[in-house]
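To start, the structure under review is shown below, and the notes come after it.
Order of writing sets the labels: A, B, C and D. Residues in every chain begin at 1.
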Amino acid sequence: MNQTMPFLSDNAAAVHPRVWEAMRAADFADNPYDGDALSAQLDARFTDLFGRECAALWVATGTAANCLALATMCQPHGGVVCHEEAHIEVDEGGAPGFYLHGAKLMLCADAHGGEGAKLTPDGIAALIDPIRDDVHQVQPHAIAVTQASEYGRTYSAEELAALSAFAKARGLGLHMDGARFANAAAFLGGSAADAAFGVDSLAFGFIKNGGMSAEAVVLFDPEAAAQVKYRRKRAGHLQCKGRYLAAQILAMLDGDLWLANARHANVAALEIAGGCTGRLMHPVEANELFVRLTLREREALRAQGFAFYDWGADAARFVTAWNTSAEDASALGKAIASL
Amino acid sequence: MNQTMPFLSDNAAAVHPRVWEAMRAADFADNPYDGDALSAQLDARFTDLFGRECAALWVATGTAANCLALATMCQPHGGVVCHEEAHIEVDEGGAPGFYLHGAKLMLCADAHGGEGAKLTPDGIAALIDPIRDDVHQVQPHAIAVTQASEYGRTYSAEELAALSAFAKARGLGLHMDGARFANAAAFLGGSAADAAFGVDSLAFGFIKNGGMSAEAVVLFDPEAAAQVKYRRKRAGHLQCKGRYLAAQILAMLDGDLWLANARHANVAALEIAGGCTGRLMHPVEANELFVRLTLREREALRAQGFAFYDWGADAARFVTAWNTSAEDASALGKAIASL
Amino acid sequence: MNQTMPFLSDNAAAVHPRVWEAMRAADFADNPYDGDALSAQLDARFTDLFGRECAALWVATGTAANCLALATMCQPHGGVVCHEEAHIEVDEGGAPGFYLHGAKLMLCADAHGGEGAKLTPDGIAALIDPIRDDVHQVQPHAIAVTQASEYGRTYSAEELAALSAFAKARGLGLHMDGARFANAAAFLGGSAADAAFGVDSLAFGFIKNGGMSAEAVVLFDPEAAAQVKYRRKRAGHLQCKGRYLAAQILAMLDGDLWLANARHANVAALEIAGGCTGRLMHPVEANELFVRLTLREREALRAQGFAFYDWGADAARFVTAWNTSAEDASALGKAIASL
Amino acid sequence: MNQTMPFLSDNAAAVHPRVWEAMRAADFADNPYDGDALSAQLDARFTDLFGRECAALWVATGTAANCLALATMCQPHGGVVCHEEAHIEVDEGGAPGFYLHGAKLMLCADAHGGEGAKLTPDGIAALIDPIRDDVHQVQPHAIAVTQASEYGRTYSAEELAALSAFAKARGLGLHMDGARFANAAAFLGGSAADAAFGVDSLAFGFIKNGGMSAEAVVLFDPEAAAQVKYRRKRAGHLQCKGRYLAAQILAMLDGDLWLANARHANVAALEIAGGCTGRLMHPVEANELFVRLTLREREALRAQGFAFYDWGADAARFVTAWNTSAEDASALGKAIASL
């Protein structure tokens, strides 16, 4: 490994030791395909975590998790309302078009009333009300929010309650892309239930947070759960040795490792934020920082060994992870403060 | 773990120790998402193995591997000729319909001239010639064979050459489902090149043979390879920590572990076959046995601790794996012989 | 027009004069796109005809009518049970795969208990029960029957009641392909309600029966009706001058022209059947005859000016239409009798 | 018919008498399904009209015509670049998502360098260059332009030549939505060849211009033509009495009726434009006018018997047709001038 201090993304971090242990232990698990003892524990464990009945299935990517859930609530001729910078719109290579058979992503902008890539009931209404019942226009079937948002913002339980009530009133499903759900929940106080308040489904991300290859699709609607079992198989995502995926997730749930890891990353992000006074594009509510930095400033940081992505012409994005060292975070904060 | 002697399937066997080691080592690999150093080695390694230029991408399941390859050679309005008992038809939960956007599987039976779920040029011609150029009928775009077949039979290089020539003459693609490709290659003499002679693409299975969660899509057509990169992402199969999948495959290729594992399983199958005189439905050419056994006989075997699937009303299927113990195989062969 | 006596198909017959009149009159109809006064009458007219609440939309082909209805009852990951010789399987160029996004047609044979391409509850159960709840297998979502069947057989109200009860018990939708629904209804006594007893949707064919380019999708489930409105648009089947299609259908309903036309065709078929003693493959219950005839016999008939299709190597299919002349029918019956 | 002077849309106008005549004559045409003598003439007639080899097939709607052509040049995992106000994006109920199996519409705005919903090579480059070869982003496969554009603007042969060269250089297909192609060609001087210069396919609209239910998909690429034949069937758009659609198109081509009708509509539009000094949002280059009018002004016009659509809060759209009377056009022009 090189000496770079890595703030590119949490999505390439190493796997947590306790996850490795759990996977190795699964070698000897009771293991028939599609009925192993580890996978069978997931429903109960997530029901426990969220305090409401749900089913949970592992899949190998967040893209699949999001799309499988959305497919249960949006027919091919319908649409999914999301933010114009939502990951499902801009970064999943057209996966929603594939899984939803050509359903349309209907895009809200911050200009519609949101902030930091967050949606609001009013913003959604402004988008969908003018086309209501117009047969020439794709009609919305579902709403997708991202927790934490694409700019590292979080939805409070109150905000989610409002979105959920709005969705129900309009007959729309409500899905949450939780690639960094753990970081959002950590910021919001640690309650998974609050951080997913009122949603019909959640793609609960573990891979960015210490896992290797397992995310959970959590379905609070039993009919959707029944469907996803078949849709996952059909999408080539039912792994015959799925017990190794279940093992990863169970390890993350055991002793709330998911929360501890996320808190670690969030703390590192706040440490960095301390050096970014006046430069932050968005409040830091999870483990991502969007920082105004000139080209020259970014060059200076890279020269000091910091790795990160540019964000447009005048900013950079820094992401912390479960294994970001306190030293690296502190060094970055100071480096930015000294620019 | 219970005391059962497991012949249910190779798809749930433990992961090989050398695969585990390689995965752990990948924790420290040079690791940017979608450009890691391990995944970058695959094209060259498979080109070397097959002795002809190819690209290779990991995916988590054979279902995805088959479907991604087929999608490059069959348009949504076309069809894929396969055996009526082909895994893609009977066991993948409709995945080809999903990945190929409703393309049709056009089914050949053994009655069309094949044997043990193998296809022949004449059998295919009998199926597709009568509907040629009929706009009311789906036209074939591709052929899919399984190596080893669903009944554990193999295609020789000569048989593949004939199928390949036929496919080319008709303008059809030729794909090989190689869930047990290693076992077929081992039986045929150990040459991967021969066992995949003339095909345009191959789903090279590692999971049943000691891997955990990585199969390879091998594409001998550069245009197809360019497409699959995008189609894999779109199907939610581009894993951000894909280096752990590349590591599994590389471990299997190193020192021809894939071949050694397959030979082990094949030897175990032959050991069992020795006890099955007069009972075998198909010659044993890989690691599966289809054995005529009455209900009472099967009950007797189960009472002795052997686990396996029924195959219809009058037979059973036994599958050996890389970790089948010589004792278990010998015991099973003797138990059947003593019935 | 040549002197051939046409028994090839009813699908290319001329348009009935009353249909022409109605279309011309629509030039002056109150005509805003997607809300014209003629199309607006359809729901009430069909509700009246069937004696139960329904919605009805025009489309240009039976293929589209069948597929739009089926799409409301079969999710992309599900299957539609139909006869192995069903038109949707063998003659629609893969349209169900397109409209149902890769859902699977699950094929029953006569060997499953049917007769003349008709389905029975027992036959369907034999097909679907063994795979129930198997995630590796596509699960059925709907059943499609053809009235009259592909061999000109009809389903009685009692038979439909049994199928409908079976479908409900299994949670399956029941669709009827009624390309020759009028002929079936005429044979069954003239009641549209009886001929579509218990079905959830019907593709009611008018084109083979004197129309030009309008079939009706009749939906007895209000939710399906709401969907089809959008699905039709999405499939490019919402015609801006749809009033001309509504006009065709209304003309066919006025004074029961649909029934009179069908009776005419059926009478002609029976006239021909009179000459076919010992040669009929199936009882004549609509306007199609499947007649055992050697190659030489068929040549002899063609030499006399009769046009028709071969049906395999040893038979021919004859179809009568609303405009088949009594002379032609009588001549054909006599010609066959004289062979 | 009420007394309203109709400027809502050309899409609901009556059918031209010569089209009616041709349809009636087709009752007696040589008429086997899928091989009738009228449909067989289309390829040659359009090849003649455009002065380059092409194939032409009828379909019932412009939506189907556009989507069938686009499906030949854009794979499901690709994208089609079009204007953000393109009809395929905003008014076809998601049809491209259906026909292209979830391919993405990639939206250019006028802000990208266009004007009046027209695309330019530079604008397209600005959209697609930044994401080139990024596997997380859908890559463009085709470009779709509208002639006349959604704001009634036309592309000159020179502008099309530039777009065509750009498309070829990038390996993209170039499709033209020609719902009002006749009006554009009339404006540009009457040459169909010029108005479709360099495109790979054209949806040539006849329905808004005096036809009833037939548009032509014109394919300048022979491989695409071979595909569309099958895709049309699969989409339920192969009508068994297709000769009536061919008859409509042939009637429109005979004696250049298409051009005469379009010129009539364009003249009427210019007549109205004469009264709109200072109010036009776009130059009038076809048969549509976008006119700045306050709510009160629009109310005043409606009170005088003019029917038209609002265009946002401060404008109205007026469309003329082949049968717009000179009196109505003159009256509207004067009424606006007098506001």
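Before moving on, here are some points about what is shown:
The rule we apply is simple: contacts are C-beta pairs under 8 Å (C-beta built on N, C-alpha and C of every residue); 3 or more make two chains touch, one makes a residue touch a chain.
Computed from a predicted structure; not experimentally measured.
Number of steps on the shortest path from chain A to chain C, with steps defined by chain touch: 1.
When the partners of chain A are compared with those of chain D, the chains appearing in both lists are B, C.
For chain B, the chain whose average C-alpha position is most distant is D. Chain centres here are Cα means. That of chain B falls 42 Å from that of chain C.
For the pair chain C and chain D, the distance between mean C-alpha positions equals 34 Å. Between the Cα centres of chain B and chain D there is a gap of 49 Å.
Multi-chain contact residues of chain C (touching two or more other chains) are listed as 76-77, 92-94, 97-98, 101, 135-136, 138, 230, 233-234, 238.
Taken in their complex, chain A has these residues touching chain B: 1-2, 8-9, 11-12, 14-15, 20, 24, 27-28, 30-33, 36, 59-61, 63-65, 67, 92-95, 97-99, 207-208, 212-213, 230, 233-241, 244-245. Against chain D, in their complex, chain A makes its touches with residues 76-77, 79, 90-94, 96-98, 100-104, 135-138.
Interface residues of chain D, counted against chain B in their complex, comprise 34, 75-78, 101, 135-136, 138-139, 227, 229-231, 233-234, 238.
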